[in-house]
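For reference, chains read A, B, C and D in written order, and residue numbers begin at 1 within each chain.
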Amino acid sequence: MVKFIAGRLALAVLIMLGSAILSFSILTLAPGNAAEAILSAERADDPQLAEVESFMERHGLNNSRLIRLSQWLHMLSKGNFGISLRTGEPVAEEFRARFPATFELAASSMALAIIIALPFGVISAVKQNSILDNVIRFVALWGVSMPNFWLGLLLILCFGVILGWFPTYGSGSIVHLILPTITLGTSMTAILMRLQRASMLEVLNENYIRTARAKGLHEVLVIGKHAFKNTLIPVVTIIGMQFAHLLSGVVIVEQVFAWPGIGHFLVDSINARDYPVIQGFVLIIAFFFVLSNLIVDILYAFLDPRIRYGRTQ
Amino acid sequence: MSLLDIVNLNISFATRAGVVQASDEVSFKIRKGEALCLIGESGCGKSIVALGIMRLLPGNARISGKIFFNGRDLLSLHKKAMRKMRGRDIAMIFEQPAGCLNPVLSVGNQIAEAVKIHENCSGKISRQRAVDLMALVGIPCPCKRYSQYPYEFSGGMAQRVMIAMALASHPSLLIADEPTTSLDVTIQAQIIELLKNLVSQFNTSLLLITHDLGVAAQMCDSVVVMYAGGIIEKGRMSDVFKNPGHPYTQALLKAASGKEPASVKGSVPELTRLPDGCRFHPRCELSQDICRKIMPQMKKGVKCHIQKKT
Amino acid sequence: MLLHITNKKDRLAVLGMIILLLLTFIAILAPYIAPYDPVELNLTQRLLSPSIKHLLGTDSVGRDILSRIIYGTRISLMIAVIVVIIEVFFGVVVGTAAGYFGRAVDEIIMRLADILLAFPGIILALVIAGLLGSSIMNLIIALTSVGWVRYARVVRGSILSIKKEGFIESARAIGCSNLRIASRHILPNIISPVIVLATLNMGTIIISIAGLSFLGLGVQPPTPEWGIMLNEGKPFMESAPHLMIFPGLMIMITVLAFNFLGDGLRDILDMRINDIVEY
Amino acid sequence: MILTRKFAVLFVIICMAFTSGIVAANPLDKDRQVMVMGAQKDFRAAAEGKLLVFDTFVSLDESGNMVPKLASSWKISPDGKEWTLFLRRGVKYHDGTPFNARAAKFTIERAMTSAVWGKYVDAIKIVDSHTLKVVFNTFYYPFLRDMSSGWRAANFVSPSAVDPAWDPKGKIVRYIGTGPFKVVDYKRDRGATLVRNNDYWGKKPKLTKILWKYTPDPYAQILALKAGELDIIGAPEHHSSIPFIKLAELEADPDFVVSTHSYGRFQVLEFNCRRPPFDDVRVRKAFNCIIDRQKMVRSLFGNITEPSYLITDPKFIWGPSNITTGYKYDPVQARNLLTKAGWVDSDGNGILDKDGKDFEVDLLVPTGEANADMVALVVQSQLKSMGIRLNIRTLINAWDKRKTGEYDLFLHHSGCLPSIPGGIGIGGKYHSKGWPYAFHSDKLDTLIESAFTSLDKVQMRARCDEIWTLLHNANPCIPLYDIIKAVVMNKRVQGFKHGPTMFDMDLTEVVMTR
C-alpha cells in the first residue's frame, strides 16, 4: 500500500513538472501582449504608446521570453505564481478567491450526478431490457450528446425567463445554484449512469452474486451490498477523473450563467492576454487534475483489498 | 417420507439459438440423511436441476413440474418464503469456490452474514459463530483468517469457506455442485472427507453433482444418471455400480475404471437439437430401430429399450 | 457487420448511420439545397419567425437560419473530420511506437501522454485557441494538440495485448520486417478500437468546436457555424427563441448520431466499456 | 465497515460543499433608500465605481472645461510649468484622516508611478496646509484632466488606507476616499455594498445604500433587471454595455425607463493609412461616401442613436466646430473617386480591380466591441454593393495588430472625455506618437503640438480649427454613429442623471420610490 502510493506520488510530481514546462510552452507560442488590451479596456480610450511602454516596463513585458520564463520558474519554485497584470493581485490569490464558487458548482453537479446516476444505473442493470432500462439508456445517451452551453440556455429560457422560477445568472444562494448544477451535471450524470449500468451488469453475472443469493440474502442486499460494492471500483475511478473534468467543463457553464468562478476569470484573462493568470490557472488546474487522479488511486486501493494489502498490479 | 421429491421437472431456456431443454421430466427423491449423486457429462443439465431446486435460474428460464421439499412445493412458494428457505433449509456450494466469494468483503464477514440472515443475532455472536464454523471446516487460525479477503485463500481453503457458509444454519439439504472439480487431487480428497464427515455429523442430506464416479462412490447412497437433460438411470449406488443397466452408464463406468479409454464415442448432442427417440441412440452401440423412434420409458430405474434390469 | 441487426442497440447504430449519411449529404450539397446565401444579410427581414419563406426563420440581421444551419453542417463536419484524421494519425504512430518498441520509448511516450492528459483538454484548447487568435486553423491545432493522446493510449494497449498473444514473435521469427509486421499483423488489430474511439470522439469534437465558437474563441463570425449561431441567438432568447433552439438542436442531433453509431459499433466489435468510457 | 464510514464522511463533505452555496442574499429593505445596481465589471476594476468613492481634484463638464472639486481653484504659470492647486478645506476621508496638501502630494506621487506625465514632474512643493505647487519640466496640458479620470481616481485613496501607510507605492488595503459613498463590503467578482457618506463635503445623495452587483453578461443583466433582481443597469459602464439592439425592446416595455445620453463618442472604422489602398486619400474619401450611415443606424438601432458625420463631436472645446459639412452618403461621387484612383471592374466579375488585383480589404474587429458584429456585417454588405469585398476578422488580439499594422480597416471608437476627444492630443491617435498606422503628417503634428502647448485659449481654438480642416479633408476614418450611453432602470428609480463624462453618473437626486 505504502509502496503503491509512493509510486503514484512520484508519478504525480513528474507530471506536475511536465505541466509546468508545458505551461511555459503555451506562453512562448502566444503572440501579442497584454499592455494595450488591458490599458484600453481599463479606460475605454486609446492608450498612448508612451503609456503602453511604461506599462510593459513596469511588468517586465519587454524582457525576452526566455528571461520571463526563467523568472516565472524562479517565482514558481517559491510558490509564487506571479501577479495578475489586470488586477495587480497575486495570481494565487485570484485563484483562491474564485475557486470556492467553482468548487461549489462542480461539487453540487457531482453530487447531483451521483445521487441520480448510481441508483438509476443500478435499476437499469437490474431491470435489464425492461422499458425503464431502455428509457434510462436513451436518456443517458442523450445526456452525453447534449452540449452543456445549449442546455444552459434552454434552462434559462424555460425556468428563468418563461416560468421565472430561478434566477438567470449569478451566484450566492441555493436557488442560483440549481440551473447551473443541472447544466453541468447532466453529462456527468449520463456518463456515470452508463458506467454504473455496465459494471453492474458485469458484476451481476459473477458467481459470488449467485452465492449471495444461495445464502438466502435479500435481493436488496445482494444488489446493494454485494454487487454495488464491486461496481464501485470502476465507478469511483471515473468519478474522480470526471471531477477534474467538471472543473474544466465549468468554464463554459460559468460563461452562460455569469458564475463568478475560475473559468469565467480565465476566459476574461485570455481575452486580456493576462499571461501570469493564464499560466498560473492552467498550472493550478493541472495540479488539481493530478491531485484528483492521485486521490482516485488511493481510494481505489481502499476499495480493492487486492491493492490495499500490498499487491501492486 | 422423502426430504426432497422432484416430480417431472422441466427447465428450458429461450435463447437466440432456440429453446434449450436443459431438464426434461426429471424426477428423483432424496430421503432425510441420504446422499444422492447426480452424475453426467458436463452440459447435461445437472447444475441446472440444482439451480432449479434453489430457484436461482436466470431470468430467461422456464420451469415446470414439482419440487417437494418437506412436502411443500418449492415452485409454488412465494419469492419471500423461498428466499427464507435458501441457506436455512437448502444450502449450496459451487465449483470454482474462489469466484464464488465476494472479493471486496472479508471472508469472515461473508460467513457471518450467512449466520445472520437466518438467525436474528447480534454482530458479535454471528462473528463468533463464523469463527467456530471456520474452525469446524478446518481453516487454521480462524481468528486471523476471519478478516482476510478471498484473494488470500487458496482454492481448497475457499471451498472450506463455502462449506462453512453453507452449513451456517444447519440446512437439511446440501447441494454440492462439482465441489472438487477445480481443485488439486490431494485437496479434493480432503474436501470430500470434510464434506462426508460434516454431512453425517449434522445428518444433512446431500445432493452431490459430479462427473467423477470415484467421488460419487465414496460419498453417496444412491445415484441418478443424467444424459442430455433427462434421467436415464437411477438406483442405489451399490446396485448401479455393480450392475449398470443403461449402456451409457456402462460406458461411463468402464471409462472411470480406466479399462477402456474413450469408451463413449461421439459427443453430447446439442440441447437445442435433440435426436428423436432415445437421446443416446446416436452414440449407442446397441441401438435398434425402436431406439431411433420411441423414447424409452423408465422401468426399474433404467430408461432403455434394449437393456433391462434383472 | 451491420447486416445482422437483431438487437435494439444495433438498430440505434443504423439510425445513427442514416442520420450521419444524411448530414454528410447536406454538408456536401449545401450550395444546392440551402435556400439562401448564409452570409447575405437582409435588414428588412430581421428576426422573423419560422414561415414558409424562411423555414427556420431569420436571425438578427435577416440571414436565413436554415441556410446557415446547412452550411454550418459543412463547417462542423469538416473540422471534426480533419481533427479526427490528424488525431488518429498521430495517435496511431505514437501509440504503435510506444507499444511496439516498448521499454524506454514506451516509458517516455506514456509519461508524456500522462502530462498531456493531466491538462484539462477543453481548457488547454481554450488557452491555445485564445492565445493564437480565433481561426479554423488555430481551432484545429488547439483540438488536436490534446486529442491524439487518447488514441495513442488505446493503440498502445491493443498492441501490448497483441504482443502477449505472441504472434509478433513468431512473425519476427520467420523473418518479417518491422514494417510488414506493423502493417500485416498490428494494424488490422488496432483498427476496430480506433474506429469506435474515433466515432465517439467525433461527437465530443463537434461539441468542443461549437463550445469554443460559442465563447468567441473558435470559428470567426460571420462564418455560419452552430456555436456562433447560438452565441448570436442568445440575446434574443426571449423575443426570438428559434435563433438559439435550432442550432443547438442540430448539434445535439449530430452528436447523438455519432454516439448511437459509436455505441453500436462498440457492442458489435465487442469492446469492453472501460476502454472508452470517458468522453 | 470502515468503508461505509469513509463514504459517510465523503458524503458529508459533498453535502457541506452543497450548502456552502446557501449564503443568505442581502435582504432588501424597501423602506430605505437602497438601489441595486448591475455592473459588468468587478467593483474594484471599474472606473465608475471608484468615482463614487473617491473625489478627484477637478471634474469636467460636458464640453471639457474643468470644474472644481477637491481643488477649489488652480493657477498655471505663464510658461505652463508650475501648477498651483488650492485645495478645498474641511474635507475628510471616510476614515477621518483630513485631506490636505500632504495627502494631495501623496496622491500625485501615487499617480506618477503609472501616469505618462510622471516623468515630467520635477517637484511637488507643499506651500501651506491647503496649497500645493507641482513643478513640471515641460508644459503638460492634460495634467489635471488626466487626474480627474476614473482610472486615476483610486490614487485619491486615504494615505492611511495603503500598506505601508503614506507610501505612494503601497498597496491599497481599503477603498477609503472622500467621495459621497463609502465602501462597507466588497466581495471579489460578486459585488460591493456602498453606504452614504453622511459627512460628505458636497451635496449629500438621497440614497442611503447602493448594492453593486457584478453581472458580467449584458444579456444576463437584462434578464435580471426584468426579474426584479436589479434596479438599474448600464450606469456604471463606459462601453456601450447594453446592446443597442435590445434597447428598442426595453424602451417599449412600460415597466422600464431607458435613458440615453451622448458623450460625443463615435463608432469609427479606422483606416490603415500607411499601405494601399488606403494610403490614397481618394479611396478613403470614397469609402466615406459609400457608407450609408442613416440606413445602417435606422435599420439596426432604430431611433436609439444618431449617425455621425464628423470625426468627433463639435460640442467639445477642442471639437470640429468649424466644419460645417460632414461626410455623407454619395455613391456617385464614391464611384468617381474610385475610378480616379484606378479601381474599376475591368474583368466584369462584380468586384473592382486595379493592376489585376481584386479590391479586397480586411476589417479587424476586436473581440468584445459592443454592436461590432452587426455593424461589420452591414458595412460588408454596403461595400459589396459597390464591388468591394470586405473580410471580417474578429480577433482577441486585435490590439497587437494595431501596432503591427496588419489591417486595412479597424473597427474602433473615438476617444472621449477626459481624454482629448477625436485623437488630436499629443500622443493621441492622429499624432505621430499615437497609432503608428493612423493618418499622420508633419503639418498635423506641428499643429497639434502648438495647440496643446499654448495657454492662450483663443490661439488654441484657432489651431484646433486648422487641425480639423486638415484632418477632415484627410478622411482618416469612417465615423459611423454615436455610441450613446444607455441606462435602463425600473420605475422605482427616480431622479437619475447622466454624469458629465462617460465614467460618471449623478446619483445626488436619485430616490427609490415604491
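FYI, contacts are C-beta pairs under 8 Å (C-beta built on N, C-alpha and C of every residue); 3 or more make two chains touch, one makes a residue touch a chain.
Given the structure is predicted, the values throughout are model-derived calculations rather than measurements.
Chemist: Could you tell me which chains are in contact with chain C and with chain D alike?
Modeler: Where chain C and chain D share a partner, that partner set is A.
Chemist: Which chain's mean C-alpha position is nearest the mean C-alpha position of the whole protein set?
Modeler: A
Chemist: Quick check: more C-beta contact pairs at A-D or at A-B?
Modeler: A-D
Chemist: Using mean Cα positions as chain centres, tell me which chain lies farthest from chain D.
Modeler: Result for max centroid distance from chain D is chain B.
Chemist: Rounded to the nearest whole Å, what is the centre-to-centre distance of chain A and chain D, using the mean of the C-alpha atoms as each centre?
Modeler: Centres of chain A and chain D (C-alpha means) sit 37 Å apart.
Chemist: Can you check how far apart chain A and chain B are, centre to centre, with Cα atoms defining each centre and the answer in Å?
Modeler: Taking the mean C-alpha position of each chain, the two centres sit 53 Å apart.
Chemist: Compute the distance, rounded to whole Å, between the mean C-alpha positions of chain B and chain D.
Modeler: For chain B versus chain D, the centre distance works out to 88 Å.
Chemist: Touching at least two other chains at once: which residues of chain A meet that condition?
Modeler: In chain A, 31-32, 156, 161, 229, 255, 270-271, 273, 303 touch at least two other chains.
Chemist: Using the touch rule from the top of the page, what residues of chain D touch 2 or more other chains?
Modeler: Within chain D, the residues that touch at least two other chains are 223, 367-368, 396-397.
Chemist: Spell out, as numbers or ranges, the residues of chain C touching 2 or more other chains.
Modeler: 130-131, 133, 217, 234, 237-238, in rising order.
Chemist: Once you draw an edge for every pair of touching chains, what topology comes out, line, ring, star, complete or other?
Modeler: Contact pattern: none of line, ring, star or complete.
Chemist: With touch defined as at the top, which chains are paired up in contact here?
Modeler: After working through each pair, the chains in contact turn out to be A-B, A-C, A-D, C-D.
Chemist: Residues of chain A touching chain B in their complex?
Modeler: Against chain B, chain A makes touches at 206-208, 210-219, 225-226, 229-230, 233, 303-306, 309, 311.
Chemist: Given the complex with chain C, which residues does chain D contribute to the contact?
Modeler: 218-219, 223, 243, 245-246, 249, 295, 299-300, 367-368, 373-374, 376-378, 380-381, 392-397
Chemist: Within the complex, which stretch of chain D touches chain A?
Modeler: Contact set of chain D toward chain A: 3, 6, 14-15, 17-25, 44-45, 47, 114, 116, 118, 149-151, 188-190, 213-217, 220-221, 223-224, 227, 229, 238-239, 367-368, 396-397, 399-400, 402-403, 413, 415-416, 419, 423, 427-429, 433-436, 502.
Chemist: Write out the stretch or stretches of chain B touching chain A in their complex.
Modeler: Residues 54, 56, 83-88, 91-92, 94, 96, 99-106, 113-114, 117-118, 149, 151-152, 162, 165.
Chemist: Help me check something: in the complex, which residues belonging to chain A touch chain D?
Modeler: Chain A reaches chain D through residues 31-33, 36-37, 40, 42-46, 48-51, 54-55, 58, 86-87, 97-98, 100-101, 103-104, 107-108, 110-111, 114, 156, 160-161, 164, 167-174, 176-177, 229, 255, 257-258, 260, 264-265, 268, 270-271, 273, 302-303.
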